[in-house]
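Structure, as structure tokens:
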Amino acid sequence: SWLHSSAALQQSSPPPQVKFFPAAEGVMLPTGSFKDRVAFITGGGTGLGRAMTTTLSQLGAQCVIASRKLEVLQKTAEEISNQTGNKVHVVQCDVRDPQAVSRCVDQMETLTGLPDVVINNAAGNFVCPSERLSLNGWKSITDIVLNGTAFITLEIGKRLIQNQKGASFLAITTIYAESGSGFVVPSASAKAGVEALYKSLAAEWGRYGHRFNIIQPGPIKTKGAFSRLDPTGVFEKSMLGRIPVGRLGTPGEIANLAAYMSSDYATWMSGAVIRFDGGEYVSMAGEFNELIKVTPDQWKIMEAMIRSTKGS
Amino acid sequence: SWLHSSAALQQSSPPPQVKFFPAAEGVMLPTGSFKDRVAFITGGGTGLGRAMTTTLSQLGAQCVIASRKLEVLQKTAEEISNQTGNKVHVVQCDVRDPQAVSRCVDQMETLTGLPDVVINNAAGNFVCPSERLSLNGWKSITDIVLNGTAFITLEIGKRLIQNQKGASFLAITTIYAESGSGFVVPSASAKAGVEALYKSLAAEWGRYGHRFNIIQPGPIKTKGAFSRLDPTGVFEKSMLGRIPVGRLGTPGEIANLAAYMSSDYATWMSGAVIRFDGGEYVSMAGEFNELIKVTPDQWKIMEAMIRSTKGS
Amino acid sequence: SWLHSSAALQQSSPPPQVKFFPAAEGVMLPTGSFKDRVAFITGGGTGLGRAMTTTLSQLGAQCVIASRKLEVLQKTAEEISNQTGNKVHVVQCDVRDPQAVSRCVDQMETLTGLPDVVINNAAGNFVCPSERLSLNGWKSITDIVLNGTAFITLEIGKRLIQNQKGASFLAITTIYAESGSGFVVPSASAKAGVEALYKSLAAEWGRYGHRFNIIQPGPIKTKGAFSRLDPTGVFEKSMLGRIPVGRLGTPGEIANLAAYMSSDYATWMSGAVIRFDGGEYVSMAGEFNELIKVTPDQWKIMEAMIRSTKGS
Amino acid sequence: SWLHSSAALQQSSPPPQVKFFPAAEGVMLPTGSFKDRVAFITGGGTGLGRAMTTTLSQLGAQCVIASRKLEVLQKTAEEISNQTGNKVHVVQCDVRDPQAVSRCVDQMETLTGLPDVVINNAAGNFVCPSERLSLNGWKSITDIVLNGTAFITLEIGKRLIQNQKGASFLAITTIYAESGSGFVVPSASAKAGVEALYKSLAAEWGRYGHRFNIIQPGPIKTKGAFSRLDPTGVFEKSMLGRIPVGRLGTPGEIANLAAYMSSDYATWMSGAVIRFDGGEYVSMAGEFNELIKVTPDQWKIMEAMIRSTKGS
């Protein structure tokens, strides 16, 4: 069965094109690009948030990471600081709670002042058929993803405006935010909401010196995402088969993109939505892409059949 | 000033093209198209919801309308029933409250059985600069629009699935759901969430006999929308100037579209998003559309200037 | 092999949800909706164009159909006229040739006067890996689809403007116009161009009384489309598996939608793009939709695995 | 009048937020990022193409630039080589002519071998009401933009496939490719076609080691674009007022983005479409964004009016 066919698939070697698409993990931007800058990253203790924090820290930023698990944050902060020599601060914060968000920004103001760079990366997600989804399940995801992002963004934004300070905001959404997707419906809905929020504010708050952009990642292996989206590991194999680049993304790659978008090199970028997925989305969405299975010999047969068609 | 210039504008007559675009208010579908069907419409007591209910009732449906204000619902129900001869039921329900939603669907099951047609039309909205928006303001809108739609849809959907009954679901969003818009940010975010919800379920629940579609209306004069979006009336004039068709939409027009999408004529439509806005969206979004102000004589000058350009 | 597995699949019965989605083939709009109207349909001799012509003719329109094969046109015209009692005119025209287009519109002016309804439906397409595509192959498709549509639209539009006459324009594109698709690349590119053309003119020519809309059909069985896109019949089976509604569309269904969009009931619709595909597009595009294969029992296992996940 | 109001506007100083968004003109990527790489840029002699060539050359690439005007190319090539120390080759080529394209690629193979980086940047455009557009005008733009891009891409792609060589392809389109826009209709249509072409090939040719991405620039002052799009200079002022970032883009900024997308740091990016426009698109498209004109005092009045609204 589909669920148990993973063993066989596990063996499969990566598709040949992977050799053309090596992942460059080194930091891309010039040293010191974020010197004297403060970066605030939600969910910065793990996965992609951790990778983005690491890169910004290496580039000179003072980082503040926030999420629920203080110990995880502290461990990550220490490890990154040790590696980069730049301070990483931690603030415990459940983004679903407006008061916690307010206290978190208070704390940041004390620690570092208001940020120059904000990355809304915290999220929750799990796969579930919608008819099995409880209203609590719905709220557990949308509260983190949509309300949490809004609370953080509005709280920091208002204070920046009052202080006449500019900033770059980045939100991490997903390739299914636009198309929607079954089986991750609360996440799809909330991430779509985040995209509208950021596009709206890009238009409205430019006059205050704020930019708002979005990355839509395709699959990048992190424990958080994969343990709740692909607990059996079957789905990963199937994704690989339809990613034109032939591999998953890496945290370092998204960190370089996020650093670029948050940097002075991108001050003219606002309201942008960048899909970063190895081509997976266009490959899934295009109606005839499954013809990739047709072999050259079969094409010859099919071409002959097409040529012999008469009339409409 | 912009806010006080409305008096002068009020006088302005409609643009000449309006004569080509008369609104057809009569019911479009064949008589009896919804005979023996049950239609459930949230916010069916006022505005667009009332218009859609009227049309479905005229076409033979038994309608159930639900919102907070029982008296408004009752008055509307009676008026429509009197007009069409078909029963319109009312259920008081605040869609933000999962338990109220569950009770509402219980009541409907008793009154009419589960519905064949569901229209998620209830919403809240008001204009506000985002830096003046309170977290309560944010939640008051997103709770109705996104959570309310999800609660209604999941509750009814699950029961339909259990009863192996098919249905058509329709959500009313807005033309700024995709692009986002400043000054209505909670609405933009929540409506974008609704669109993702409906596209997701279109894919996931087709197998249970359910279709999910979306209408994105442009401006249609209703008391509910205009009193909170354009309290001074200035904005309306400005909108008219950029709507290619030269007029606002009418409730009857959207009711015909909604009836079509909910009918057996559209059983092959699912996951569709229909913009219905007199062309306003494409007119705003296209970068060079403001050249519509250039007169024929000025074009001659500009063409001469362009022709005389040498090189790149 | 994939190509030869069709025999086995051929047997497969339609998915169970099809019973919820019967195709309504009768004419939807009120009798006489197009009385005293002239409708011009390219490619009206076959397939979808023929179906749209039939419906418009039944609704009272005088139709003019145009394409290359005069005999095919004549046969169709006669059959439709006999059925509906309304005259169907034919004009031979290769839409790739600007002079032929100009002569065609001359002829129409003589026969019926300028049209109230224009449907750009003529197209060419065939499947081919892009590395096997000749430049002639590229041009053979883009010349018909993009240039042909532009020539027809500009020629008729200019004359309507000169005569101060309004009209409804409709273009038939495809669900892969936005996403792109491998193996039908010239068609994807040209259809995307047509969509931009129509959205652009919706904004620009509203002031002249013109509306411009688009239908993106999913798979509807016609000889023209299927013989060149799915010569072996294998692809059809695979499409069925991912169409939420569980069946292909029918020509009558698209004819009803096209008639609505071209009618007075839709005078407020302009710049709209209506996907009509049984949900195929959202089903393909959503990243997690293949989890539809997971059985209820497997979900229980997966849910347990997800619940037992600790940490991010 | 609108056309003659430019003098007054000319005086206007940049909006205050510009101080938050300085353009970083230095090269972003690490030195040597394109060492031993060959980059082919159409229209590389002027404007944005010249800027992208300069940046790639500074980063170590051997560049080949191609367009119609040999002298312009030669002058540019010499200037860039002198500045960067890396060879810039020139090939005369009219991209509309398939045979010229084939000869051009022959020449490149001799000069440098097949490219690692391809940038399709050549284009033509001019503003014109569509009813004044001749069919020659239509073809002059679509032949360069759509056919030219296709010819270059297919010709190079096929040879790369035969040689089992990977490459990054980038196309420069525009923010109105998706929305369409009046008054630049051939450009809108052709650029939309280019986007579909690149998204299609991203899906189809990933297996051969090719990536395909797109930049949609907003307004960046170049002689080529502005002399034919805004001959009077009036439009520029009006654009500035709606760009959230408050300024036009610079060639250096787009060159850094293009270099990133073409580099090894972006090997996981394919099928992406990056809008780079200072936020102009979302600002135009969002229905309520013109409320930016409302002053804080007016908001107080409006809020009071909204609060006093009773009922729906």
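Letters are used for the chains, namely A, B, C and D, taken in the order the chains are written, and counting of residues starts over at 1 for each.
In this section, a residue touches a chain if its C-beta (ideal position, glycine included) is under 8 Å from a C-beta of that chain, and two chains touch if they have at least 3 such contacts.
None of the values given here were measured: they were computed from a predicted structure.
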Completion exercise
More Cb-Cb contact pairs, comparing A-D against A-B, go to A-D
Fill in the blank from the handout: Top of the farthest list for chain D, CA-centroid basis, is B
Handout entry: Centre-to-centre distance between chain D and chain A (centres being mean Cα positions), rounded to whole Å
Key = 26
Problem - Geometric centre distance via CA averages, chain D-chain B, whole Å - result: 36
Problem - chain A and chain B: spacing of chain centres that average the CA atoms, whole Å - result: 31
Completion exercise
Note: chain D residues in touch with at least two other chains are 129, 176, 179-184, 188, 199-200, 202-205, 208, 218, 271, 281-282, 286, 289, 292
Problem - chain D contact footprint on chain C (complex, rising order) - result: 98, 129-131, 133, 135, 138-139, 142, 146-147, 150-151, 154, 157-158, 161, 176-186, 188-205, 208, 271
Completion exercise
Residue positions on chain C within touch of chain B in the complex are 15-17, 19-24, 26, 28-30, 166, 199-200, 202-211, 218, 243-247, 249-250, 253, 256-257, 260, 263-279, 281-283, 286, 289, 292
Problem - Complex contacts: residues of chain A adjacent to chain C - result: 1-3, 43, 45-47, 67, 69, 72, 126-129, 132, 174-176, 179-184, 188, 218, 222-224, 227-229, 231-232, 235, 238-239, 280-282, 284-295, 298-299, 301-303, 305-306, 309, 311-312
